[in-house]
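I've put the structures underneath this note.
After this come two complexes, each holding chain A, first together with chain B and then together with chain C.
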Partner chain A sequence: MIELSHINFRYKKKKQLFENLSLTLQPGFIYGLLGKNGAGKSSLLKLVSGLLYPNSGQCTVFGHHAAARKPAMLQDIYMIPEEFELPPVSLATFVKINSVFYTRFSQNQLNAYLAEFELSDDAKLSTLSYGQKKKFLIAFGLATNARVLILDEPTNGLDIPSKSQFRKIMAASLDEDKIIIISTHQVRDLENLIDNIVVLEQGNIIFNYSIAHISERLAFEYNLAGVPDEEILYTEELQGRKAGIVKNIAGVDSRVDMELLFNGIVKNAPAINEAFANLKYEY
Partner chain B sequence: MTTELNLTRLGHFIKRQLYMNLSAMWVAIAAVTGILLVVSGFVAYFNPDDVRNLIPFYLVVFFLGGYIFTSMIFNEMHSPQKSYAFLTLPVSTAEKLVGAWVIVAPVYLITAVASMFILGAASSWVAGEPVALPGLLGKNAFKILGIFLVCQTIFFLGATAFKGNNFLKTLLALFVFFTLWAMYTGGVGYILFGANGSGVNHGFSHEFKNLMEAFVKHILPFLFWFVLPLYLLVVSYFKLKERQV
Partner chain C sequence: MEFKDNQAIYLQIANRFFENILKKEWQAGDKIPSIRDMAVEFEVNPNTTMRTFNYLQDKGIIYNKRGIGYFLADDGLEKTIALKKEQFVEEDLPVFLKTMKLLGLSLEDLKAYAAKYEGPSIN
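Right after this comes the complex of A and B.
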């Protein structure tokens, strides 16, 4: 379990980013961390992985203090940042020199992921494209079997077939011990993948619910003609029609439109959250 | 062996660091060896009597190269696109410190001394004067290596403390430090002895002389050989521990 408790954090000479932020992430789920630019998504991921230290409050990962960066904790975390640089060595060499630090690393799993991503292990990392490098890091990260996998904008730079391979691999790799956190702007890439949505806005968590709850409480309509106003939570223009989020009065589970939901939360979080009023808020 | 210092993990870390920087190191080694080889060749061929004088030249290159190499040992941690990998690597801070030190100190020393032997032997052979090697094995050799190791801890601290251009920034920091130190000691000296140094010839001079002798003979060497490097390594440890992206 990842537990952030009363976190206060600010970058030097900048205004407060997180103020009294608390969040609990449970194993067995894929969390989608959404938010606009500068909302604090990457900073939150860095706090979890011990790359940043909170000014006050506590961040623990499976009972370890993240900021202590003890090997026991670090071998349970693998982070794939949005921007990275890999050393000029072959895939096989990279694996040989880095896998030894992860006690649960599986070469068989890595081979399977590399085959899925159509990567050869004799290729030199410096000759790969950005998308291929990212696929390699994702494959390596999954093969470490770290219990926490953090991906910052993982689908950036991936072509369309790779995005679908990514979704397939991620869905298959989740087990009840793992926590996968995916931060992204490209919300459509996460459809049918994530279990929980956490939305950050100016350092605050303004939304944190599971997809199951969302589809139970909200419905996504692409033509709001005839829908009573009191049921509408959010509207936007969509190709000459009004699309939006409405209360799921019928209670029948509906498909969650991530983009519509994200827009609705960012524009009017209180109205969306109201639909979950009698649910226990999850942070 | 503790969770903070696991020798197996330390070995893996040293191996990783060597592999990750292998291509850059080969380029540097090839460039330096090439230059030294050319210079040694010229000296040995055109001026065989001066072959012995190559040793101090090798030492200057060895010192300078070592300090530049030391300053670059944590480059991965300072690069915004690589630091995440270094800082989230499941290796403790103590292992990162010891591992990096092993690479820049013993590993570098052995490589550099071996290279100097080979170059010295080669140039002596070309000059037809196979007696240049003892210059490397003189009585001051260990003292020189010791001085190198002590001064290296300054650059080691610079490698952990500064983000980018670590060698130049460490040199600048040293310059500023010694300038301030000279101003301070000069000021103290002026207050104690006046403009003519007249205080030396009066009253307290004998006791003061004994005190200064003890300080220079016993305390200062102890501070230099043991306290200074250990202190700098401890500060480097905390710099690494506190490091964020």
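Right after this comes the complex of A and C.
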């Protein structure tokens, strides 16, 4: 479990980013961390991985203080940032040097992922394209078997077949011990993988629900003609029609349109959150 | 698989299961692919396919042998037919009948079209 409690954080001389932020992430789920540019997503991920220290409050990862950066915690966390630099060595050399830090690293798993992504381990990292480098880091990160996996914009730079392979690999690798956090703007690529949506806005968590709850409480319509006003929570123009989010009155679980949901939350979070009043948590 | 309509993904996957059962690709007592295999195939979160399996288990269409996997129930086909019939009558038919009314088609007219229908026999 990852627990952030009462986090206060500011970058030097800038205004406060996180004020009394608390968030709990449970194993067995893929969390989608969404938010506009500058909302605080990367800073939050850095607090979790011990790359930034909170001014007050604390962040624990499976009981370890993130800021202490003890080896026991660091071998259980792998972060794939959006921008990275890799040394000019072969894939095999990189693996040889870095895998020793992860006690549960599996060479067999890595070979399988590399085969899936069509990467050969004698290639030099410096000769790979951005997308290939990214696929290599995803493969290595998964093969570390770290229980916390943080992916910042993982589908950026991936071609269409690679996105599909990525989804398959993620579906295969989630288990009940793992916490996977994906920060992304490319929600269409990942909407069927994510099972909890956390939305950040100016350092505040303005939405945090599971897909199961969302599909029970909300419905996503692509033609709002004839829907009574009091059921409509959010509307936008979509190719000449009005699309939007409505209360799920029919009681049939809806398909969650993450892009529409995100737009609705950013526009009017209180109205969307209203639909979740009296929600009983089952887990 | 492309997910399109407004139905939750786990229900759309359930519909694919129903197709396999109705087409007899899965027979009574057959072991069906695991929750994880299905998640990989459909490129969705395993928690989503778990909901599909729970839903089908609640309906008595599949059952779980602990540690071995999921199997199609002996009366899985009958239960699937009953469930799909109910869905057809309650959801598809009203839309169909409404369209018929709008177009001024009678049940008699339909018989003529049904006679010309070239697909598998509907009698």
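Everything that follows uses one rule, which is that the second predicted complex is superposed on the first by the 279 of 283 C-alpha atoms of A that agree within 3 Å, B and C clash if a C-alpha of one lies under 4 Å from a C-alpha of the other, contacts with A are read in each partner's own complex, and residues count from 1 in each chain.
Here is the rule we go by: a residue touches a chain if its C-beta (ideal position, glycine included) is under 8 Å from a C-beta of that chain, and two chains touch if they have at least 3 such contacts.
As the structure is a prediction and not an experimental result, all values here were calculated from the model.
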Contacts of A:Y102 with chain B and chain C, given as first, second, both or neither: first
Contacts of A:Y130 with chain B and chain C, given as first, second, both or neither: neither
Partner chain in contact with A:N192 - chain B first, chain C second, else both or neither: second
Set of chain A residues, in rising order, touched by both chain B and chain C: none
Chain A - residues contacting chain B, complex: 46, 49-53, 69-72, 74-75, 77-79, 81, 83-85, 87-89, 93, 97-98, 100-102
In the complex with chain C, residue positions of chain A that touch it: 28-30, 164, 167-168, 171-172, 174, 192-195, 211-212, 215, 219-221, 252-256
Chain C residues within the chain A interface of the complex: 3, 5-12, 36, 39-40, 42-48, 51
For the chain B and chain A complex, residues of the former touching the latter: 3, 6, 9, 12, 15-16, 19-20, 22-23, 79-85, 87-93, 95, 241, 244-245
